[in-house]
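So, here come the structures, one by one.
Look for subunit A in each of the two complexes below; its partner is subunit B in the first and subunit C in the second.
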Partner chain A sequence: MSVDRGNVKILVFACRWCGLIGADGAGRKRIELPASYRVIPVDCAGYVEPDAVIRAFASGATGVAVLGCHVGGCRFNDANHPALKRLELLKTLLDTTGIGGNRLLLGFGTAHESHQYADMILEFHRAMESMPSMASWLPQGQ
Partner chain B sequence: MLEQVKQKAREILEQKQAEGVLGLKKGLWDVIHPHVFSTPSEIDALVLEPKWLLAKMARALLREQPQNWRLAVVVRGCDERALVELVKRNQIDRERLLTVGYACEANQAKTCLCSRPYPQKLDAGSAVEGVDPFADERVKAYLEGDAGERIERWAAQLKRCIKCYGCRNSCPICVCVPCKLEDDVWVERGVIPAEMVSFHHIRAFHLSDTCVACGACQEACPVGIPLMTLQLSMRAALKKDYNYEAGLDANRKSPVLFDFVKEPRPGQDVPDWVNSMGEKK
Partner chain C sequence: MSKISLFLCNCFGEIGRVIDLEFIRKKFEADPDVDSVTIVDSLCMPDDAAKAQVLTRERRIGKVLIGACSPYGKMEFVRLGLAKEGAAVRAVDLREGCAWIHGKDPEGATRKAANQIDMELALLQNRKDSKDLTLRVQQEVLVIGAGPAGLSAACGLARLGFRTHLVDRGSAPGGLLNVVKKVYPTDEPGPGKIKNLVDETGENPLIRFYGKTKISSVKGYAGDFKVKLTGPEGNTALRVGAVVLATGARILFPQGLYGYGKIKNVITQMEIERRFATGALNCKTAVFIQCVGARNAERPYCSTICCPLSLKNAMRVMDENPGARAYVLHRDIMTPGSVLEAYYRKAMQRGVQFIRFDAERPPEVRGQEQVSGVEVFDSISGVSRVIDSDLLVLSTPFVADPESAAIARMFEIPVDKYGFYEEVYPIHPVETRNDGIFICGTSRWPVSSDQAIAQGEAAAIKAASFLGKETVSALAMSRVPGGKLGHAAADAAACTGCGNCVAVCPYKACRLQRTGNRSVSRVIKVRCKACGNCVAVCPNGAMQMPEQNYRVTGEMIRRAFREVR
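Take a look at the complex of A and B:
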């Protein structure tokens, strides 16, 4: 089952130890999920450069989600702490220019939390539906 | 103030504390340009105005000179902070660097919206009170309003960009080679105006924890985009969350490089590992 995609495009960077397994679990359990998101597996949330998030917006994503392990429960001890710090700083920048820090979702969960994962993505999808399109800020043809 | 700076610079050269003093010189036809003074008698031509950040130049000089060549730089507050940031990034060897610091005057601080218009090592002049940039009308105009208004306002500004890379080149801390702004993966090349989202956000974010609020980007911009305003809220966030300000302490690296244990943030707790039996380690 899936929720209609509409014009929303969500890019999810999911850490392969927690976020990605959560996404897998949600799929296996046939939980209702929006069709608007695509997942890029990464080795760790700390691996996601803020530049990559900016590039995703520049390529036409309505929202970007970065999913990692719990703060304090990272596979690589503390690698997701700097990721959280950096991306929260990026949210500040997005807020400044008016793109909106709420277009960037930071989620920290564990592998077995597939229900929470589905809820989070669905809620994010709903929030993104009401956001204005970025099309006019992007170059033609995107 | 000028005399004090000259005196200090002469002392440095006479006592052989450094092989050169980098400062501004009033040269032929009264043209002012950066110059490395190497003899005490040359110092007479030293001037302090206009504001000209020399940190990047000092880095380039120190890199091409031999290891035992030391340099003294005549600096303002922003210039000194930029040098500290370069030292942190191993771009400058701090053993080879001396500074002659002088404080900016009140009207200069007002023009730059500088919250710290004086160096920490003050050799000449007296420090004047800083200006709160968030209280200024020019800044307020860009940070006010809801997201929709702000994006319109910023888009109107950023669409005027002619992609001259002046903001990057004039920035005293932007020294990466290769630069992401020249890479097709991150920013489409040959597109004018520069893409609002990728080009400007990547540039601004790279300087998020490094920006010393010197305003060189803004002054260099030929179309007058208020680029420093982009940095201010990130600087304020770092100050509020981690009490960190770029360019003050050469021994404290940016808090976003470390975990919450080493660089804690009020309100952020780090739970221990939790296992399935509910026991805490």
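Take a look at the complex of A and C:
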């Protein structure tokens, strides 16, 4: 089994009230970012199921980022609090299974923090560059 | 499954400069899900927008995918324009989210654009529509609490033509103002301030006042609350569309502070009001201590009314006892606004003495059975002073009413850590997270009677604008226009009744319902705001968001990094 590094694939779940608007702001400021990530817009970070994160790893994502609003600033009252707890727990689980909790990024920001969004993506990309690709575990032909 | 039409916008080269649109067109023309791919120069300009609209209408296209700028810009208008033609429209962000940030990597940007379009195609093909629910809004309102806030809310609603039920645990309307002989800063009598509102309550046939009445049970949701009242007239069952909570607060009893309860003539502001009312107040020197039990670690908030209250009562002591003196020992005098600041100056000119003390070094009471004086360290001059006094008045803050916790539980609204009802922070000051429940007055936060009356009016207007629509669609019940994608739907066959969704829902929209010999989850569509927490915690996949169901998410994840050829 060859260890394939550098081919970074990041799946971003971005809440459409904060993360996605932050992405929009980063775009307007023309902040150059690596084209290694794909975005799934969700209504709230609370929507992101742990199974979806696991499934993303199973289909070859190097890292998964979940971007929501600041804790206490959620559009849906406090819907991102349970999400945070759930995903922190998932990090422990990822550590236990050997995938590594650092492959899951939990980011919290408000809509206008586009620089923070860009930094987060960039840093996560750099961190993932040194990680072996999850695709090494995939069956051939996928 | 109907096919999808794809419109790609070049944005005058802004997108096409980086992303190879021709390549994407060729790729998706070969896709079996795609009916046609059209590249236009600028979808937001009238001619191209019209072209897309005509194409959608003439070819009866059911599903449209737009690849253009971000949905937060002009794209939303284009999307809505096409949606008017009856098509399900989604947009992919190719400019802000792709071309502009991956300018140095055109190949990567093209790959990303293709993947993102592919993912949205999966969404369009697999999404379902939430079943909407249209609800008849009951055209009656319940106002709980007949203090200044409740009275002004009830009168406001009745003036707008809504049948209003006004409930109070006391026998007469008025609340705390009934105790107050004079109110600051106008020095008019307390009951006189709300006399017109109380009169209106009696005269307006739309208002019905229930004295000595309590709430025994609440069922239902926004638009249709079923409330049972228990009072001297027996039980009453109401069906109301909205509820205004103005249950008020109470003044803290300073038990154990400054010898209260042990030393005679150490009293609270409420007691001095009562003494004024009975006329039995004579003293030579009155000392008022501010912030008793407030602005400390336990209650860090300022109670708003105590400073002006002390100014008013200090002046009254001097008015009613010629030759008497009044001291106000304060940490800061809080008299915001021009009116109250003028009132403060008036008190200074009248001869009220102000001494500032530090929270770390509070005043000490002298005297065993009867107050003989107060020792205070003046933090401005730095010297300790002893004031001979025969009356000590403690300004204690508003604290939550002991009954408001039970009311909050009944109406399923949250309270903050001090027990006051919590508003929807920060831009919905009289609304709560349970739709159809509005809050005002001191049950929400310490306010003066003027502010309480203003808040009552605000709550009345908010309640009226909700009741104004005679029917309401569950999908439209969102605070943000276009904010609600749908609502969660529970599959009764797959649900095992674990209750995870009930525990996690921030809107208390999930309920366990007994059917046969098992419990299954049921979603109250009116309350659901589609955050998706229930979907994330459901172990059986029984809870789904039709617009973004498990098939959509699964397909999107699968297609996210698919090889682009």
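To be clear about the criterion, the second predicted complex is superposed on the first by the 136 of 142 C-alpha atoms of A that agree within 3 Å, B and C clash if a C-alpha of one lies under 4 Å from a C-alpha of the other, contacts with A are read in each partner's own complex, and residues count from 1 in each chain.
Operating definition for what follows: contacts are C-beta pairs under 8 Å (C-beta built on N, C-alpha and C of every residue); 3 or more make two chains touch, one makes a residue touch a chain.
Model, not experiment: these values are computed from the prediction.
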Subunit B versus subunit C as contact partner of A:Leu89, first or second or both or neither: first
Touching partner for A:Ile21 - first (subunit B), second (subunit C), both, neither: second
A:Leu11 touches, of subunit B and subunit C: first, second, both or neither? second
Touching partner for A:Ile31 - first (subunit B), second (subunit C), both, neither: second
Touching partner for A:Arg55 - first (subunit B), second (subunit C), both, neither: both
Contacts of A:Asp43 with subunit B and subunit C, given as first, second, both or neither: second
Subunit B versus subunit C as contact partner of A:Phe108, first or second or both or neither: neither
Most subunit A residues touched (candidates subunit B, subunit C): C
Touched partner set for A:Asp78, first subunit B, second subunit C, both or neither: both
Residues of subunit A contacting subunit B in one complex and subunit C in the other: 50, 55, 78, 82, 86
Subunit A residues touching subunit C - in the complex, by the definition given at the top: 9, 11, 20-21, 23-24, 26-28, 30-40, 42-44, 46-50, 52, 55-56, 59-61, 75-79, 82-83, 86, 118
Subunit A to subunit B touching residues, read off their complex: 50-51, 54-55, 57-58, 70-73, 78, 81-82, 85-86, 88-90, 92-100, 132, 134, 136-139
Residues of subunit C touching subunit A in the complex: 70, 72-73, 93, 95-98, 100-105, 108-109, 111-112, 115-116, 119, 424, 433, 480, 483, 485, 504, 506-507, 529-533, 535-537, 545, 548, 553-554, 556-558, 560-561
Subunit A partner contacts - residues on subunit B that touch it in the complex: 142-143, 147-155, 180, 185-186, 188, 191, 195-198, 200-202, 204-206, 208-209, 229-230, 233-234, 237-238, 255-261, 263, 265, 268, 270-274
